[in-house]
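Across the two complexes that follow, subunit A remains constant while its partner is subunit B and subsequently subunit C.
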Partner chain A sequence: MSSNSLQSKLAAATCALLGTAATQPASASDADAWSFDSSVLYYGESDDRVQDISAAVAAKRDFGDERSLSLSLTADTLTGASASGAIALDRVQTFTSPSGKATYSTPARDVPLDDTFHDTRFALTAAWTQPLARLYTVSAGLGFSTEYDYRHLGANLSLARDFNKRNTTLSLGLAYSQDDIDPVGGAPVPLSQMLDVGDGSNKLGSDSKTVLDLLVGFTQVLGRNTVLRVNYSYSDSSGYLNDPYKILSVVDPATGDTIARVPAAGLAGSSGVYLFESRPDARTKQSVYAEVKHAFGKPVLRGAYRFMTDDWGIDSSTLETSLRWPVGASSYIEPQLRYYTQSAADFYRASLVSSQPLPQYASADFRLGEFDATTLGVKFGHRTGGGNEWSVRAEYYQQNGSVPGEQIIGHQRNREQYPDLSAVIVQFGYKFGL
Partner chain B sequence: MKKLLPLAVLCALAGCSSLGVQPWERDVLARPEMSLDADPLDAAIDDHIYFSKEASSGGRGFGGGGCGCN
Partner chain C sequence: MSAIVLTRDPAHFTARFTAMASPCEVLIDTTDATLARRIAGAVGDCAWRIEKKFSRYRDDSVVQKINTTAGEAIEVDNETANLLDFAATLTTLSEGGFDITSGVLRRAWTFDGSDRVPTQADIDALLPSIGWQKVRWQRPILQLQRGMQIDFGGIGKEYAVDSACTRAEEIASDTSVLVNFGGDVAVRHPRRDGEPWRVGIEHAERTGLPARLVNLLRGAIATSGDARRFLLKDGRRYSHILDARTGWPVEGAPRSITVVADTCTQAGTITTLAMLQGANATVFLREAGVQFWVQ
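Showing the complex of A and B:
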């Protein structure tokens, strides 16, 4: 009983303190109507593969009474090459480029990369958040992005309700997106053969897909130093889900070498039999995500785990952890570690065997194969006297994949089957208020 | 997995009421770095990179996407 009366006295004292604090901002940033979070990012893969330079700025305008507008703008410039899905051979391989206007070649024993793509992407998002009633918060957002061969339009709505003195929050979110794909040279007919330069008879026009996402979120304060979040997500995609630039090599059942092909007289074209991939036109994904933050005095430890499963046969697990460690009064250093592992899609094939009937679905996209990936990073941040913060983050990302043993035929055993990927990520950030 | 939802609701409405803190005990939780969305731009960048390179996406928030992502 006495502790209850002490609690109510403390509550009254706290309210009184908060009341006076509200008229006197604790720091300059508390008084800023606009707050900005900006970053410049370099992402570079080894072996002259994808390089990306990206700039992003997110702005938030606080209108008081927990009403706010959030805007973000991102620009990406991509160059470089990505694995096409074709297997390595002991001879030079020639491919017809996606545009159908030229060819490109891969040296003997190299995993074929398509180096014809470069792209610039712009993305814009806007969201409005406000209380709906006591304990309820609603948020509505729109998103738009455009790149040379892709356009995305999305909308989302979420509702949150606080319980238990705002120690518990339940939220429900819905997102819908409509994407248009307009591949360079047209979307290829699934499992049709790569043709000669100038022959677009297997290419269709543009296509589209829709994605519906549902998210149920739960956050819980576990104690004075600990907070937990658990999310369940359901995502349903339908429409054109192929990667229009990915192909599969058709190989000899004994040697495992790609069946040779001779372009029509007087024409340039591919030197082997390559088929464009074919994925199902629907995919359902479900995931559970759990995250904990705990303060050990000043240092803060974050841990997160995600399990995802889909109806393509892919299961994945992701573990993330970071430790934010103060350095002096106004800086911090934060080591970050992430581990990811996934199983292959049911229709993942390193190659197609010429003597076997064609499956309905097949893809040699390494992102649908079995692999694991590790990211090791560190972030350093410093808060300036004016209340702004700059940071720098450096990360190293490494993917290691494998092709199922029974899919490796003949000469393929002596060659690199899975193009392991490594990338360096460097990001500069600056947070400021106006 | 779908059993989680009623479980969460039940927990939120009953069990978890014994968890948590009083409003005046939120000093640590109120620190910016204790927010579950402390660095939304970093999170968005990471989601975009991993969406482009792996077969999974989303979890923390909506599934991401909106890109061709070669």
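Showing the complex of A and C:
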């Protein structure tokens, strides 16, 4: 039977059955093949420290049958200065810049910042997800990122299985990455001294590290309005784990002031004794994350807690809560609160004392010290008539750290040892389909 | 009869109720609650009226009255006559594969996911009671042979969707109303903002999950599948689509066929005709020149 004959016979029979004249022709199409999630983020620390502008776009192509391809592209521009690890002094301090080609100075009583800090980063990821057998979903991905002194290559694989009429999902993930670090001026020999301009004798070439991550996840639907998620993750890093730009001041045991140093005749160089940091070449982290989401009608309350512990001696806890509250028919407002606290790494030192033997590992990087941080934010989202969604998020971040009392010596007591940090984060997001 | 639950969504109203053993949904493109309530009520009444009139399970239905005539002639009303005429056309178009007298095969086949496949003897015992050519149909007089039965499975729900659309159109002639009775969907008018409705097509194997999303501006979508209704024996899957000529399930048909047509009745009919083609279903759909998706 020809198609025309079938279609016309059927149309005539339907017309007779329904007793209506022919309706208008159907118009249907596959829904958005591609969906996009784009955002622009501004992160700005107070006192002209680090500023970051980041643009990201994630695209997902749905092939039906739960098969999908996800791609993402991120571009970051970092500018500003970050704390070098050296302590503040009552006199001007001069440092040899990481490139070894120049010096820079920090005014008296200021916490030394390395303002040669600027970078542009590009990151690209791709992942494929599809069902495997009846209740399994498998996902495999690749990631690549590059910045002027760093290159990352990663691969990941995850498998999820549904149980109990899809009310329970168990997932297993594995990720491996290989990162190459090529610091400006070369990677310094750990605990070697900051030298004069032009002297690169303590700088080595590039280095690398590998990271292996394992994740076990469990999601359970607890009734109509509540979902519980629990994750355990294990991460093992090995290789070059130092920050090549971080240093420690070597101080006098009585005064607590940095031992003065005079550059060689006719050369510019650092005005004190500063040693490059030294971290272990392996780190094992374990963390547990639990999250509960509960819908009270339309409003949704979320609470999450993460505990992390590693073999460097850092334990951290993160508590997070947010409440998504509908505003009108197609908007929502979501206040968010996050509290973070961590203990210091075993080898964290505010400074090194000249009379004491040199430890094997030492770092004055504030990120390895004891601190807590509170983030207060609010997000507003609106869904347009066309089904797209835009959102604006604003956050305020406040970090307060401390240095153990016994590490503060002499004149150091009169100066700020661990500068507080605050930052503002603003993000604009737009989700749309094509 | 169940109640209609009406909820307000950002730009439309959603009404939900149960009819014809299926979850039913009506999306009404209006912000006028009174109008939404009137349309939802009319659509619900239409579904329940058709269910009551044509259900083979109800003692007071027209179908039950026909099935208990024990070979006597019976005069049927106009609507029933229209459905019988349509069913007869469908039997012709499918060369006997589709037949409203084939419902007696349910005595041999229960598609519950088990391995209880009947024997040829079980089926042979039923075949004499099947075949539209054995029926005397001279509108409005119908005479079945003793032991024969009819049912409107495979037509009834799609007919109800189109009838409900007509009722909605009578109340508000240009309001976009999407009628969805258990996955058979129709809409006569585009929405005010020109945006399509997004219709999820159920996954053939994972019930309740959409396998694909379709933007529907106007027209109808019907799906025929065996997500829950099949038998499995010795590694062989028996689909619930039975060929009335043999009494056996069609072999090699896709798990699920979705067709777009101007009306739900046309879309549903084409999915049924395609299923009966078994392994040739896709070729049939392509030749029919319709928009379709198979799983």
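In this section, the second predicted complex is superposed on the first by the 404 of 434 C-alpha atoms of A that agree within 3 Å, B and C clash if a C-alpha of one lies under 4 Å from a C-alpha of the other, contacts with A are read in each partner's own complex, and residues count from 1 in each chain.
Here is the rule we go by: contacts are C-beta pairs under 8 Å (C-beta built on N, C-alpha and C of every residue); 3 or more make two chains touch, one makes a residue touch a chain.
Note that the coordinates shown come from a computational prediction; the quantities given were computed from them, not determined experimentally.
After overlaying the two complexes on the shared chain, residue contacts for A:Ala345 are found with subunit B alone; subunit C is out of touch.
Of the two partners subunit B and subunit C, more residues of subunit A are touched by B. Of the two partner chains placed around the shared chain by superposition, subunit B is the only one that A:Tyr289 touches, whereas subunit C remains out of contact.
Shared-chain residue A:Asp257: touches no atom of subunit B or subunit C. Contact with subunit C, but none with subunit B, is seen for A:Arg134 once the two complexes are overlaid on the shared chain.
Shared-chain residue A:Asp213: touches subunit B; no touch with subunit C. By the touch criterion defined above, A:Tyr150 lies against subunit B but remains apart from subunit C after alignment on the C-alpha atoms of chain A.
By the document's definition of touching, neither partner reaches A:Glu277: not subunit B, not subunit C. The contact surfaces that subunit B and subunit C form on subunit A in the two complexes overlap at residues 7, 10-11, 13-14, 166.
Considering their complex, residues 1-2, 4-5, 8-9, 11-13, 16-17, 19-29, 31, 33-34, 36, 39-42, 44-45, 49-50, 53-63, 65-68, 70 of subunit B touch subunit A. If you check the complex, the residues on subunit A that touch subunit C are 1-4, 6-7, 9-11, 13-14, 16-20, 22-32, 62, 64-66, 134, 166, 329-330, 383, 385-387. Remark: subunit A residues 7, 10-11, 13-14, 37-39, 41, 43, 50, 54, 56, 58, 72, 74, 78, 82, 114, 117, 119, 121, 123, 143, 145, 147, 149-150, 152, 154, 156, 163-168, 170, 173, 175, 177, 179, 181, 211, 213, 215-216, 218-225, 227, 229-233, 235, 243, 245, 285-289, 291, 293, 295, 300, 304, 306, 308, 310, 312, 314, 316, 318, 324, 332, 340, 342, 345, 367-368, 373, 379, 393, 397, 399, 421, 425, 427, 429 touch subunit B in the complex. Subunit C contributes residues 8-11, 82-83, 85-86, 89-90, 93, 159, 162-163, 166, 188, 190, 193, 195-196, 198-199, 203, 205-206, 209, 211-221, 260-263, 265-266, 269-270, 273, 287-291, 293, 295 to its touches with subunit A in the complex.
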